[in-house]
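Below: the structure, in structure tokens.
The chains carry the letters A, B, C, D and E, assigned in the order they are written, with residues numbered from 1 in each.
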Amino acid sequence: MDYVLSLLGPLWQGTTVTLKLFFITLALSVPLGLVLALLRISRLRSISTAVNGYIWLMRGTPLMLQMLFIYFALPFVPVVGIKLPDFPAAVVAFALNYAAYFAEIFRAGIQSINKGQYEGARVLGLTYAQTMRRIVLPQVIKRILPPMSNETITLVKDTSLIYVLALNDLLRVARGIVQRDFTTTPFIVAAAFYLIMTLVLTWIFQRMEKRYARYDD
Amino acid sequence: GNNEQPATEAASQPAAARKVVVGLDDNFPPMGFRDEQNKLVGFDIDLAREAATRLGVDVEFRPIEWSAKEAELNSGRIDVLWNGLTITEERKQHIGFTSPYMENHQAIVVAANSPINTKADLAGKVVGVQEGSSAVQAVEKEAEITAALKELKKFGDNVTALMDLSAGRLDAVVLDEVVGRYYIAKRADEYRVLEDHFGAEEYGVGTAKENTELLAKLEEALNAMKQDGSAARISEQWFGKNIVK
Amino acid sequence: MISARDLHKRFGHVEVLKGVSLDMGKGDVIAVIGPSGSGKSTFLRCLNHLETIDRGRIDIEGETLVDTDAQGHCRYVGDADIRRICRKMGMVFQQFNLFPHMTVLQNVIEAPITVKRLRREQILPTAERLLAKVGLAEKHASYPSQLSGGQKQRVAIARALAMEPDIMLFDEPTSALDPELTGEVLRTMRQLAEEHMTMLVVTHEMNFAREVANRVIFMDQGELIEDAPAGEFFANPCHPRTRAFLQSML
Amino acid sequence: MDYVLSLLGPLWQGTTVTLKLFFITLALSVPLGLVLALLRISRLRSISTAVNGYIWLMRGTPLMLQMLFIYFALPFVPVVGIKLPDFPAAVVAFALNYAAYFAEIFRAGIQSINKGQYEGARVLGLTYAQTMRRIVLPQVIKRILPPMSNETITLVKDTSLIYVLALNDLLRVARGIVQRDFTTTPFIVAAAFYLIMTLVLTWIFQRMEKRYARYDD
Amino acid sequence: MISARDLHKRFGHVEVLKGVSLDMGKGDVIAVIGPSGSGKSTFLRCLNHLETIDRGRIDIEGETLVDTDAQGHCRYVGDADIRRICRKMGMVFQQFNLFPHMTVLQNVIEAPITVKRLRREQILPTAERLLAKVGLAEKHASYPSQLSGGQKQRVAIARALAMEPDIMLFDEPTSALDPELTGEVLRTMRQLAEEHMTMLVVTHEMNFAREVANRVIFMDQGELIEDAPAGEFFANPCHPRTRAFLQSML
């Protein structure tokens, strides 16, 4: 038991790295995903195709590869090449990757809104931008909460991939201690940490769903 | 303290002459690892600190994924590899080495009650190593033995391999002797080290090949530390005897 | 108020409007009847630019919305002008198309605030008056999903009226409703007609057409076949197709 | 170019490991997920709660931890403890984990079927089992294709986690070559391999969606 | 055929059926009318066990489905018996509840094959005859989504008939339909009545009640208020509530 207590400090430090990556990724990829979704449904064929290709590439290859690429290979790419430190490289890879997933969720949400809503807004004189902002997107939020909740919980666990850049997130710290002390207890404690994080997220999303349940479609 | 913070800043600065960035695997006891307070400690850490003081530069320790060490060095994110880095011919092609500061064997660890006693007994057995470690090259160099093995399994780290040895799915693990002894000390009743080994080898400090200036300075500092006994003192702290050569 | 000349509209290979013309004066209440698929909805939707026409001309209160030049090219005015002109027409749909995430009151005041840039306090009295008029004053804080179909449709009417249109278009406003709920919506529409609102109403309710409309037009297969004062229309339909249709509805 | 060709052999070997894990996981986790989903909507409170807890545990902790647990810790657990070799251990962890995800997809699909379908079947005299087999599940398949497609594509990429058990999947082989040859080209080739696999999957799912598009709900 | 005695049913705190009794003979065609929420659907659904009653007794063709003992405990027969007894009644819903993943023909033959264990060849002639009867012989390979509402409802009727029920229950079979499509479904039902099928029909169609039903019952607030031969019911309703309701429907 004392041993478990002694683990809490280092594991908590790992958790802060995990949480930092989690929150920054979320803050970047949600708006980026929304922009991508709007471009994706744009009538300009070329833009829509380009965004589609981007989403396909990001969802078709492992995030770990994307991270390794941005960290190690990107500096040698001409023009856009830039040498990023480890944590920023991880953040960029995570944000670009999750933006692609969120974009698909947003797109499906926007397209699930009945044509009648656009027509109802149109005959009242609202412009396309006003219709999106005031009528469509507020309704989209309610509908995308379940897939967003799934994706966000996946993100918590995906953060552990940053071990490839030797960043000490929760899981890597746990593995480090396992190697130092030669016991698997830290894994069990780490699992509990993850469960707590996902529980909190689940709870937050449930509250949001409840809030939006005040109206039905 | 916490080494990630300054590390990220350092990488965005141009190679600062007043600071040396040391890349290491922070899960590599006893050479470099984290203590209960999550602080980086270890034999190589102390050695590098001492050398830095002598060179009059700040030292910064930067955990890297060990299997990506060449890429890290190559990309200039770190200046020095100092973490039980074995000098091998392959590595010499990409890495500039100081002269050796320590001798090491690629030790063979088996379960305490194992019938295996020599390298030859490994025929038909499953052997584990750490991916990207010099143990891989050491074992593969002895082609007949490698060919006779049932399987050579490459694990992400030594502990996974040792745990698999405990679980009985492996018959032996080959790893750096200094590291192996550290673990065996923790579970003396479970493992033993064979007399036989996969060759002696030497640890050196590595830099980028073109960074000859830093290499020369490190060489100088290391020699001075060996001569005035400070290296021996650090060794006694960690291993109970002087194994620096 | 509305003048439509020779409207043509095709979806793919199907010609849905084959040259429909209509003149509508101030205060006119026109019922549009006809079998399913005859193009009634399409006609209404062309008038307020929910569909674009392929040929023809539409003027709303003397302003041209779209015209066709000698080469047969159909030209709409600019986007801002389209929005300005079409705003003179309010529209009520069969499926209500209320905004489900807004309360009844928010549904009514949304467009005046967003489009006309009125402040909330400016539009609130009007909104409350309109909700009272359609008999839903006490429902202002409900969400659409908490209302019956008839109540929803009356909110939709109030929402359209809040933009102070000169003309109201109705596309089968009661056909998604139970027979019992139809009455309350028809009553509201009758009241509007009595206040001399100009109205164009696609409907299956023969009683409404007979009693409230001053003109009835009959469409079949994309053509406007008959256009007559209501009394005359029912008493003495000219066209055999009209007669057949009226028979089937009774 | 010659260098790229020389990579194809080893990378293909890694791909066979990846594909083997992928197919076995799919074959095990889909039926298991269906059983879990049916238990989850069962009226027996205790069963439903237990399954719910299982799903929560499996979705709340990283798959990597679950794999390490089954490989190293399970042998020491009394009664159920069993010592599995590396690949079977990975398969068990993947199947148990993905079954939890699939169960949630199936459950949502089943619950999205209109009550009227059950009543329509009931008044014709169908039993609950017949209604499920003949009426509900065939309709569920159509509805769950999009989330199943997502989850399956994620599985392709998740297979790379088996490196922790020292198995040589595609990504790990690529990393090994990167270390050996000191170049990032293998990453790019590996990315292409992943893209091909996800493309094939996407194509299969699109065909299935098209097949089911012959009727509308 | 059906005898219901003193049926009680509550949802939570609301008592929806407050002691409804009905006796139905062979060949009876009974129309059930009444305002929305009066419990008409619930009554029908209790008869074939889509809802369980809280008190009362139901016998179908002389077999007891449920009874209430002296202590007021309501006892249903066993599951298999319930299924067997209820199979004597076919039911048609307002929302059709066709199986969307099956063609029209598959919809019709599904239950005979799965429930009655007939072979496909055995049921096929019957199914084709029934589809011809409802006027949909040529639609047998269509999916429900490709049909109009009226066609869907006629498939639903054919599907119910394929199980050869002795009694048919209809719950507002036409109220999800456009007025124009209503006619074809009512014609099919009229034809069934002429073939002496025993039918219990919840409906808003007064013409159907007047012309086809031999008895009309009026429900209000969970009670069966009036039960009379059709002619009498419309000519001379006893209860003031019936009169008020009939007035509002015209």
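Going forward, contacts are C-beta pairs under 8 Å (C-beta built on N, C-alpha and C of every residue); 3 or more make two chains touch, one makes a residue touch a chain.
Since the structure is predicted, the reported quantities are computational estimates derived from the model, not experimental observations.
Visitor: So if I look at the partners of chain B and the partners of chain D, which chains show up in both lists?
Guide: A
Visitor: Centre to centre, using CA atoms, which chain is the farthest one from chain D?
Guide: Computed centres place C farthest from chain D.
Visitor: Which chain has its C-alpha centre farthest away from the C-alpha centre of chain E?
Guide: Using the mean of the C-alpha atoms as each chain's centre, the farthest one from chain E is B.
Visitor: For the chain pairs A-B and A-C, which is connected through the larger number of C-beta pairs in contact?
Guide: A-B
Visitor: For chain C and chain D, what's the span in angstrom between their mean Cα positions?
Guide: From the centre of chain C to the centre of chain D is 52 Å.
Visitor: Would you kindly tell me how far, in whole Å, the mean C-alpha position of chain E lies from that of chain C?
Guide: Once rounded, the distance between the two centres reads 38 Å.
Visitor: Where in chain B do residues touch two or more of the other chains?
Guide: 68, 71, 163
Visitor: Which chain C residues touch at least two other chains?
Guide: none
Visitor: Show the residues in chain A shared as contacts by 2 or more other chains, in ascending order.
Guide: Chain A, residues with two or more chain partners: 68, 72, 184.
Visitor: Between which chains is there touch?
Guide: A-B, A-C, A-D, B-D, C-E, D-E
Visitor: Quick one: in the complex, what on chain B touches chain A?
Guide: Touching chain A from chain B are residues 2, 4, 7-9, 11-12, 25-27, 29, 33-34, 36-38, 62-65, 68, 71, 75-77, 157-159, 162-163, 183, 186-187.
Visitor: Please output the residues of chain E touching chain C within their complex, sorted ascending.
Guide: Touch residues, chain E against chain C: 35-36, 175, 178-180, 183, 204, 248-249.
Visitor: Going by the contact rule set out above, which residues of chain D touch chain B in the complex?
Guide: 71-72, 75, 83, 85-86, 163-164, 166, 168, 175-176, 178-179, 182, 184
Visitor: If we count contacts the way the header does, which residues on chain D are in touch with chain A in the complex?
Guide: Result: residues 56-57, 59-65, 68-69, 72-73, 108, 146, 153-154, 157, 160, 171, 174-175, 184, 187-188, 190-191, 194-195, 198-199 of chain D touch chain A.
Visitor: Enumerate the contact residues on chain C facing chain A in the complex.
Guide: Interface residues on chain C, with respect to chain A: 48, 50, 83, 86-87, 89-91, 93, 95, 97-101, 110-111, 114-115, 143-145, 159-160, 163.
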